[in-house]
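What follows is a set of structures to go through.
Same chain, two partners: chain A is paired with chain B first, then with chain C.
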Partner chain A sequence: MAIITAPPPARQAASVPSASARRSRKLRDNLTGHAFLIGAVICFALFMWYPMIRGVVMSFQRTRRGETTWVGWDNYTRIIADPSFWTAWKNTLYFTVLALVLGYVVPFLVAILLNEFRHAKGYLRILVYLPVMLPPASALFLFKFYAYDPSEAGLFNAILASLGLPTSEWVQSPTMTMPAMVIASTWMNMGGAVLIYLAALQNIPGELYEAAELDGAGIVKRIWHVTIPQTKLILALLAMLQIVATMQLFIEPLILANGAGTQDSATSVAYLIYQHGFFQNDLNGAAALGVIMLLVLAAFSAVYVRLSTKEN
Partner chain B sequence: MAQDSGSRTLISHAQLRRGRGRVIYWLLLSVVVLGFTLVFLGPLYWMVTGALKSGQEIAQTPPSLFPKDPQFQNYIDAWNNLDLGKLLFNTFYYAAGAVVFQLIFDTAAAYSLSKLRPVFGNAILGLMLATLMIPAMVLIVPQYVTVIDLPILHLNLLDSPFSIWLPLVANAFNIFLLKRFFDSIPEDLMAAAMVDGATPMRTLWSIILPMSRPILGVVSIFAVTAVWKDFLWPKLVMPSPETRTVSVGIYAFAGGTPQNVVIAASVIAAIPTVIIFLLFQRNIMSGLTTGSLKG
Partner chain C sequence: MSVPQYRKVAALALVAGLGFSLTACSTKSDDGGQEAGGKVTITVDCQPVGAQKELLANWNEDVAAFQQENPDIIIKSVSVGEQCNNPPDFTARLAGGTMTDVFYGYMTDVQQVLDAGQAMDITEYATKENIPTWDSVDPALKEVFTDGGKLYAVPVKNYSMGLVYNKVLFQKAGLDVDNPPKTWAEVRAAAKKISALGGGVAGYSEYSAGNTGGWHFTSLLYSQGGQVLSEDGKKAAFNDAAGKQVLQNLKDMRYGDNSMGSRQLLQWGDLLTNAGAGKVGMFIGAPDATQAIVSQFQGKFQDWAMAPLPGQDGPAKATLGGGEGYFFKKDLTPEQVKAGLKWIAYQKLTPGKGQFDYERAKPQNYPVGLPQPLLFANGSEAQKQEFDLRKANANLDTANFALFETNPVPIKGEPRNAQAIYAVLDSAMSGVLTDPDANIDALLKTAEEKVNQLLAAGS
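What follows is the complex of A and B.
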């Protein structure tokens, strides 16, 4: 970091500096500024900006035995022709939708509930956020071995059986794999959303509730006409962030369902990228999949921006 | 939470303090406290005690609430068979390095963008923030290709801690958080220091950084937890058993190891982040909400 030792300060306070002195002073200030930036800029260039371009370039190339050739759209047509491509998208979108229903609505309702309590607030907050701090691999092994055990030795099945309800094979059943992954994922990740909503709820002026109550609005109406409109921005933002996060579903299928799951019921797009890139020796195909994923998410964001600007 | 006493929420205080409202409030509160304890603490209890059960006891129906004959051996086996000491040390080493690199480079960059404002500063900031829009999974393949053959230098960073530290510096969210904090430090302070002849480095060190301790703490805690929780990237760039992180190590052993030993290892792997959380929960929670709300 020797470069950062800046030049001595200019000592022309009394006299008006000449134009050239001012120019060299300005140049020096700029150089100092860039010297402070350089470390971060190099890291961004190497690990963000360059890979972004490289990914697009790679998706139009094919590397075989160390030789790289341009192959046009070949990688894309090959990837799309693969039936698991469509299975993976179907699964990923199904997970995204299920996670929206469960993982999106639940944290908001939990936050509304917690915001009404005047006791045990700190304790409840810590509880909700605790799973977020666990390494996902640890938490998922817990779910896999102790909660989703298909026999009645598993926690969930034991609870269902004791209530007289039918048990499930969970991650070994093709139909229950996705719901099981959504439950685990929601448990692990909802804490962040709850805390953000809680902070947003505390910014709602109390007079609004007061006025609504005087108008005879019940609790549900107050939530609908006061709480939701007042937290609209943060609700929309978290919806967007959650969609982007759930579309990258990876570690849940990898650990809970050994990757693909029974009858391909768990294969996600991210898992397919991983398979192509690191097991099928097809980094180019994986890059093409990455570009497709980026385009899909960009389309989502564009629709979202369109809708949210129209609202205002 | 002092402000709670003043502002009203969905339901008025008066209503909660009188007769029926009071009963419902306390009933609901107890149900929620009990329910949340079961839902969020229950699985952790199940994990810690489950790892104490014997293989037979795990397979038993219905499952037992307390381990009948606690097998502390499972934890010892996990520690020895998976070489957890080594794995934990690796993870800790990567986390500590990530904190150091992020603090040095991201703080310097945010300071420059906030206070020195060189030409093209805003363009660079824009390009950095643009990376927030790109999902991590999309970049994983080209990033991996970059790490195994670094452009210009042609270095292979596989199994080198730099392959974890340097990409983490490229964290636009940190730079954004730090810059916004620095923006709130009055310009007069900077000007006064400059008049006194302090260099930009000296101003950063003696004025800006001491005022920024809370945000630096938040950035550090987030760096540690990010490294501790990350899975796919360390799995790819730290392939050999000697350099693995703890999550990746447990995953690698999960296939051929008894379930209760895997869970015991998972418990041990989770202890450091849980301790960090309990120690710094106030900073973590405030960092999370200020970062997202006031953007």
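What follows is the complex of A and C.
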């Protein structure tokens, strides 16, 4: 104990640079790095952190007649009491679940299918990825005016009618609004997920499939016993990312359903924030709803971060 | 240059560059508008966009002429889009404090502008000295922009709604163009005949999204004698027989007769696009709706006419009125306020100039002869001058608007908190227009609860 606590010999102290000298040396060495970092830090501070902090502060304030006052939890209680609050959450969760069923499974199956092709692989990949390159607003207007036209002139209705099936009013029908939005959203976004799945599928050693085939496994069993276990981490990560992305549902209701849709069937949480902030002269209420949404998304993101850490 | 030196220089250049770019991004306009030589500068928004070639040329011509008349004033024009007040943009600019010195707003924006603390009290400056026609401006319009005895904006446009109808479709359907529907039962009968023409034509078309559904519900409700809010403004008052009748009429036309077309959830541009394409027989709107149909949606003036708003069993009990004005940003200098008022007076409130320069507008694809705006009070000198000029330069058949003009319906203003209430009422409108089984009582009850909650929260 005495040895440990004894002061270091004077000679040794002289050879070690002082703490401030070490810091300034370190700073000099990394000057370029710090300079490059400043840009990113300033950008993040100005456009991400400051607005976020400001949003949280605003959610506890109220501005009337140019005077801002602290109102505690008033904005939160008011926004939670808004009947549209629960409708918006219900709609958003419904969309998230539907998007998981459709938007999550379909890209995986498409990736498996593409992976099986021997020819025209590159061409097919481009084809699948093409909608991602289309501006979302243009893609949604295509759906709105071309595919989802409620008359029999609409693409989907024309197909249904030619098959002798009943037609739909699509985004005009309270029950079909969400499925219609999920179909459009899946078509727009699945390209990215397909490419990620494809990369994961190509990392699966071919011997595993060969062994499974020798054991008499058909395509379903090979997917179930080889493909899914080998890609489960990617599957889990993409599921988390998808949940976080779909819960921010905004542009689909805005364009396809002109906002709230029929009888609020398209109102999402993000759209409700927009409605409060920009149409109802209630930026403080919008900020409170934004904070609530942030907390919910943060919970999902925490799961995502845990999974990422596990992967590392 | 050695490597460490090179790195230092690169780092310094990067930091300096960043500093410069941030400086360049910042805006600084609070120089009091006073420039060397005693000139006063004001920024004004709502300059027409590039696509509106004639309107933009007119505006620029007005600015040049005004500056020549007032060499001490410099007008800096700012365009904020084709629709001068697109609510999301407007709110963002208001919240960010980036409005121009003199900025455009709707009559329904007064509360929002005051809450944002962005408007200046211009009561002491709004005088005949700065606005020569001020005494002729309709006092009711000034009142709309007055709060607590203080004036915050100068009215520059007003409107009221009536029944807009397509004469060509009326003729094709065998209807009398000179005897348009006077009651909602007649509208229903006419809509049925027009939609029977086929080809995707809607006999009657109505909004139900983007807050426009609630806006039109209000006008339809007024026609029935109803009101959106109670007298004290604290409770919703539309869940009554009048409100139910409004929705029942629409439901009957939509699902009883199938005379409103299949595409619903329409908002402003959607309906007018269909109208411009000759696919709408009737809708309710203000006279300037025909202007939008022609200038923005490729329709033709001669196809359209206007009648007073129908009522349930006779003339409408009232119609919705609204309008626009120019606010003044807080903290302007007295010189800037005076300069702004002079500009508004010149461009918006002088017969023969600016928006009332009918001689200039006559050969352009811009209507002269519409019965509105009616900015000047009845019997005032300015009103007489404006009417004479309008009549002398009319480039459309004023007979098309004669029924609307000669049968005025009492005008009621928009409710307090209008946009928030309209958003709620959209849901009731979309309910009856998209669901054949919609329960009108339930739709109105839900809307009533929501509006009451809104009002309670805002009080």
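Here, the second predicted complex is superposed on the first by the 269 of 312 C-alpha atoms of A that agree within 3 Å, B and C clash if a C-alpha of one lies under 4 Å from a C-alpha of the other, contacts with A are read in each partner's own complex, and residues count from 1 in each chain.
Going forward, contacts are C-beta pairs under 8 Å (C-beta built on N, C-alpha and C of every residue); 3 or more make two chains touch, one makes a residue touch a chain.
It should be emphasised that the depicted structure is a prediction, and the values quoted were computed from it without experimental measurement.
Novice: One more residue to check, A:Ala81. First (chain B), second (chain C), both or neither?
Specialist: After superposition on chain A, A:Ala81 lies in contact with chain C alone.
Novice: Quick check on the superposed pair: does A:Ser151 touch chain B, chain C, both, or neither? Answer first, second, both or neither.
Specialist: both
Novice: First (chain B), second (chain C), both or neither: which does A:Val97 touch?
Specialist: Neither: A:Val97 stays clear of chain B and chain C.
Novice: Once chain A of both complexes is superposed, is A:Val291 in touch with chain B (first), chain C (second), both, or neither?
Specialist: The answer is first: A:Val291 touches chain B but not chain C.
Novice: For A:Val106, select first, second, both or neither according to whether it touches chain B, chain C, the two together, or no partner.
Specialist: neither
Novice: Applying the touch criterion given at the start, work out whether A:Ala236 contacts chain B, chain C, both or neither, answering first, second, both or neither.
Specialist: neither
Novice: In the three-chain superposition, say which chain, chain B or chain C, touches more residues of chain A.
Specialist: Chain A has more residues touched by B than by the other partner.
Novice: Check whether A:Pro174 is in contact with chain B, with chain C, with both or with neither, and answer first, second, both or neither.
Specialist: In the superposed model, A:Pro174 contacts chain C only, not chain B.
Novice: First (chain B), second (chain C), both or neither: which does A:Leu160 touch?
Specialist: Neither partner.
Novice: Per the contact definition in the header, classify A:Leu283: touching chain B only (first), chain C only (second), both, or neither.
Specialist: The answer is both, since A:Leu283 touches chain B and chain C.
Novice: Starting from the residues of chain A touching chain B, keep only those that also touch chain C in the other complex, and list them.
Specialist: 31-32, 34, 36, 39, 151, 153, 274, 277-278, 283
Novice: Once bound in the complex, which stretches of chain C touch chain A?
Specialist: 4, 7-8, 10-12, 14-15, 18, 22, 87-88, 91-92, 95, 111-112, 114-118, 200, 208-211, 262-267, 270, 330, 417, 419-420, 423, 426-427, 430-431, 433-435, 438, 443, 446, 449-450, 453-454, 457
Novice: Okay, in this complex, where on chain A does chain B touch?
Specialist: Against chain B, chain A makes touches at 1, 4-9, 29-34, 36-37, 39-41, 43-44, 46-52, 54-55, 58, 112-131, 133-139, 141-143, 145-147, 151-155, 158, 161-162, 187, 192, 195-196, 198-206, 209-210, 213, 219, 222-223, 226-227, 234, 237, 244, 247-248, 250-251, 255, 269-270, 273-274, 277-278, 283, 286-287, 290-291, 293-294, 297-298, 301.
Novice: Can you list the chain B residues touching chain A in their complex?
Specialist: 1, 3-4, 7-13, 16, 29, 32-33, 36-37, 39-41, 43-44, 46-47, 50, 58-63, 104-106, 108-109, 111-113, 116-119, 121, 124, 127-128, 131, 133-147, 150-151, 166-167, 169-170, 172, 175, 194, 197, 199-201, 204, 225, 228-229, 231-232, 236, 246-248, 250-251, 254, 259, 262-263, 266-267, 269-270, 273-274, 276-278, 281, 284-285, 288-289, 292-293
Novice: What residues of chain A sit close enough to touch chain C in their complex?
Specialist: Result: residues 28, 31-32, 34-36, 38-39, 42, 63-67, 78, 81-84, 149-151, 153, 169, 171-174, 257-264, 274-275, 277-283, 285 of chain A touch chain C.
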